[in-house]
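Down below are the structures I want you to see.
The two complexes that follow have chain A in common; it is paired with chain B in the first and with chain C in the second.
Showing the complex of A and B:
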């Protein structure tokens, strides 16, 4: 009887695990094979080549540039999103007239596809007829049109900003869930002890929200690191590769230039990097949580 | 009730089986405009009616993702029977044995339908691997009203005159640019070749190396950079795709630009009041000039299970009637003698100007890995246009990347 209890959970999990393995491990296996093969432009392998594909990626200066830009991109968007989403969630958690409407407005962008969002922003950022330029000129901030997408120095910060905007709704949702789970009597007790609003936040809200912040960081990092549409739609990684991140570099490598073997190697590397990053973060976060 | 449902199911099954057995030919076509899909659907319907038992399935794919779709389809063995491809990709398809030779199907009558210059890019070692479904060349469009306002009498014939004309037009207003310049995305390299060829440049030199960093390349890049620095182009060049510049031209905000015949079709449909002219691409100091000739080919896949029906469909859409409808609707150049002779094409002044340029047309060199060369060249040009350094260094770096692709060192 007891032995039966011990295997039962695994038995119940088995079908799900099997499906997940088929969906995740099969492509991973195929990718690994491709990454060690000489692959033609149409993805047909022509024999093994060892580490050639990896060596060629590490010899490409564009790869390093794209890598560091991806770090800036991910840290910028994930950090920015947390900074924006936290106060927004705190406000939406308060009781005020029109809270329902405010929540809907904050969540609404979530209902739109990322690609559509990016296309709208491409129009808004257009140097000649873009809404952003019109608005800024009207407000007296700038005197002449700024060509936002013509230079990496202006295009990339704008792309990060779009990234933050589209990540906020999801993150606010996580935070609202977290805030709802904090019992009100904790705050009542704190107020009885004459704690200030800041003390309530620093001693109660923030520590109790830590697990939710951790989830938001991990999930957003995974989404943002691999996020393709914003950059592809607005600049395709240009001009002169100045807004290229790893995933756009990967797409060009595979589908424009036709180096499928190198593309397979790069996507494996990206997967491993993300896996390691997430594992380290989760380990750190849980350790702190216990202390 | 249940029995009825079962019967229905059985009938449906039988029906599916019947369709699967029929002569099914899948065709992947590129979306040139909103007319492309309906055109091929109509052609398929007409063909099916004339050939009972056949089933032509059309898949319309936007150009941007065409190569990606073909790549994934082919690697999965799920490709169609026929597909439109850029002729510049054809050599890769032939090298890998993906495209089937068509010579066994073609007779003299069929070959005779085509204007030779358009068929020849699809011929490798005497074998024909594709048929030209679309053809275009490039010429210079100019805004006749802006020219008149600026007191210019005719379109510039040399790049030197073009700079003068651009100055005169640019002075007309803040919102108006003399020369429209493309600096982003697909064909950024081609926009540079117009000047590069005029200065006597060759993409691949006789010794097999890239000609990008030769004297001609440096002079052409210098010319464009000067136009840019003097403010004679529209702003934000490095974010401007060909379509962006075309839109500015349609708004009457660009004096001159170089592009394909389909801009004339678009202008007639969208801004019929725009007074424009078409002229040859300006010549260089030694009288050299070159336009870019482009064809797209329709190919048959080697792994097609239904080659005879696929060929019958090809034969059908390459009849004069269906060709004329496609060519006229999309604004391409006629690739068949009989179509070119039709009054609607022969008497069209814009098409006549393009056709006159054809003897000087250069097609993308038939090189495996051409897309990568185009990519490297575009990045080097963007670097120059952004003013991030001198001209020679990015061109030399790009040439160094390109030479191994060309098989030279």
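Showing the complex of A and C:
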């Protein structure tokens, strides 16, 4: 009986570990092999070539453009999301009439799948018959129809805006959890010492919320860096690659123009980057757990 | 006007005013989807906001014109089965993580964390080759396995955080009364864990329901499409898009799930933040 108890946890873990390993480790192995192989257009490897695929990625100007656009994409969405979500969470933490309704509305973008959200925006942003143009003309913001998705200069900021919109609900939820964890007594005490509202924020709310902001930044960075549907559905990285980020560049390399070896190499590089981010997250989460 | 009532009114108005730009933006996609879905075909391309009359029959027309039924069946099948797979392996997994101390526990947790942070997109090429090798291209079964596996981490975190709240004494009392460990789990533990399992299952269902990039890669023929792929294929690479059909389909695919999601959303953070955030 005792020996049985000792192996029991491993037996309970086995099916889950096996399935996860199949779906995670096997593809990783496949990616490693492909990334060091000469792969033809039909995805068939024809012998090892060392670091050629990696070298070709780093020699491709499209890679650098996609890389920098990914930086703008990630920083823009994560930064924008925090800037919007923090004050919104502060407001939603106040007691006001209709707060329940406002909370539900703020959460709505999260309830729609990214694909559907992107399809709706592709239609709403259409130049001739899009409802964004008609709404903006009605409101007097613009005078003529804007062809939002026809140029990278207008399409990409719109895609970032969509990214912010869908990231805000999750981030607000994290912040509301953080705000709820701050004891009311602290504010009572501050008020007794006649601290101003600004002092309360700067001395109490912000320092106590810092761990939650850190976690929101890291988690959002991971999600946004990987986010594929918004750009693929609205522009597929076009026109003329002007909205390409690394994940859409990767997908096109692999499945549209048949450069699987290079796509595999890029996948592995991105995997390593995500691993590093995950390590940052673990460090932040455990530090907070101990505090 | 003065007094606490007036002050509260003023505060409420200020809060709503400050939130209003975001609220408009949150409602905008739903409004576009709903209004386009019920516009008569002749008015869809006219950039007006309101239809002259609501064309409810769009939804019926869409159903027949887009093969919605087949895609709906595929989506339900994939979402239900992959959730069942994830739960079947995650319940014992979470139970072991919560109720046992064993060597390698830290490593298991870290592996789980990596699988959760790993987006399918960085694995999609390797996954595709795996599926080709298994001869499962263009089958929804491959999605059942992949979604099931990707859902394990989230499911385990959700369940474990709840399992930790079920007192051990309840099981121990059953042991003292002579029940085996398995019996105690089945008769005492699992019934108490049922609410958590239900909520977790619903989120697993929604994740699978919404997944895009793997389905886009693996599914080829119309008969195997899930809803996101079916609806995307009505838009992508076509010269004329029947937007009222697309938006009707998006509406029907989104609204039931969105209602359930909004209702349960407050439980979600537990699993997504890996126990780090309350």
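Here is the rule we use: the second predicted complex is superposed on the first by the 242 of 291 C-alpha atoms of A that agree within 3 Å, B and C clash if a C-alpha of one lies under 4 Å from a C-alpha of the other, contacts with A are read in each partner's own complex, and residues count from 1 in each chain.
Everything below uses one rule, namely that a residue touches a chain if its C-beta (ideal position, glycine included) is under 8 Å from a C-beta of that chain, and two chains touch if they have at least 3 such contacts.
For clarity, every value in this text was computed on a predicted model and none was experimentally measured.
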item	value
Chain B versus chain C as contact partner of A:158, first or second or both or neither	neither
First, second, both or neither for A:43, with chain B first and chain C second	both
Partner chain(s) touched by A:147 [first = chain B, second = chain C, both, neither]	first
Touched partner set for A:240, first chain B, second chain C, both or neither	first
Which of chain B and chain C A:265 touches, first, second, both or neither	neither
Chain B versus chain C as contact partner of A:82, first or second or both or neither	neither
Which partner reaches more residues of chain A (counting touched residues only), chain B or chain C	C
A:255 touches, of chain B and chain C: first, second, both or neither?	both
First (chain B), second (chain C), both or neither touched by A:15	second
First (chain B), second (chain C), both or neither touched by A:219	second
Residues on chain A lying within both footprints (that of chain B and that of chain C)	43, 128, 145, 236, 254-255, 260
Footprint of chain B on chain A - complex, ascending	40-44, 126-128, 145, 147-151, 155, 235-236, 238-242, 252, 254-258, 260
Residue ranges of chain A touching chain C (in the complex, touch as defined)	6, 8-10, 12-13, 15-17, 19-20, 22-24, 26-31, 34, 43, 84, 87-88, 91-92, 94, 96-99, 102, 104-117, 119-124, 128-135, 138, 145, 165, 168-170, 173-174, 177-178, 180-181, 212, 215, 219, 222-223, 226, 228-229, 232-233, 236, 247, 250-251, 254-255, 260, 263-264, 267, 270-271, 274-275, 277-278, 281-282, 284-285, 288-289
In the complex with chain A, residue positions of chain B that touch it	67-68, 70-72, 74-75, 92, 96, 98, 183-185, 234-240, 244, 248, 253, 369, 371-372, 375, 378-379, 382-383, 385-386, 388
Touching residues on chain C, where the partner in the complex is chain A	8-9, 11-12, 15-16, 18-19, 22-23, 25-33, 35-36, 44-49, 85, 88-90, 92-93, 95-97, 100, 102, 108, 110-115, 117-119, 121-130, 132, 145-146, 148-150, 152-153, 156, 209-210, 212-213, 216-217, 228, 231-232, 235-236, 243, 246-247, 250, 253-254, 257-259, 261-262, 265-266, 268-269, 272-274, 276-278
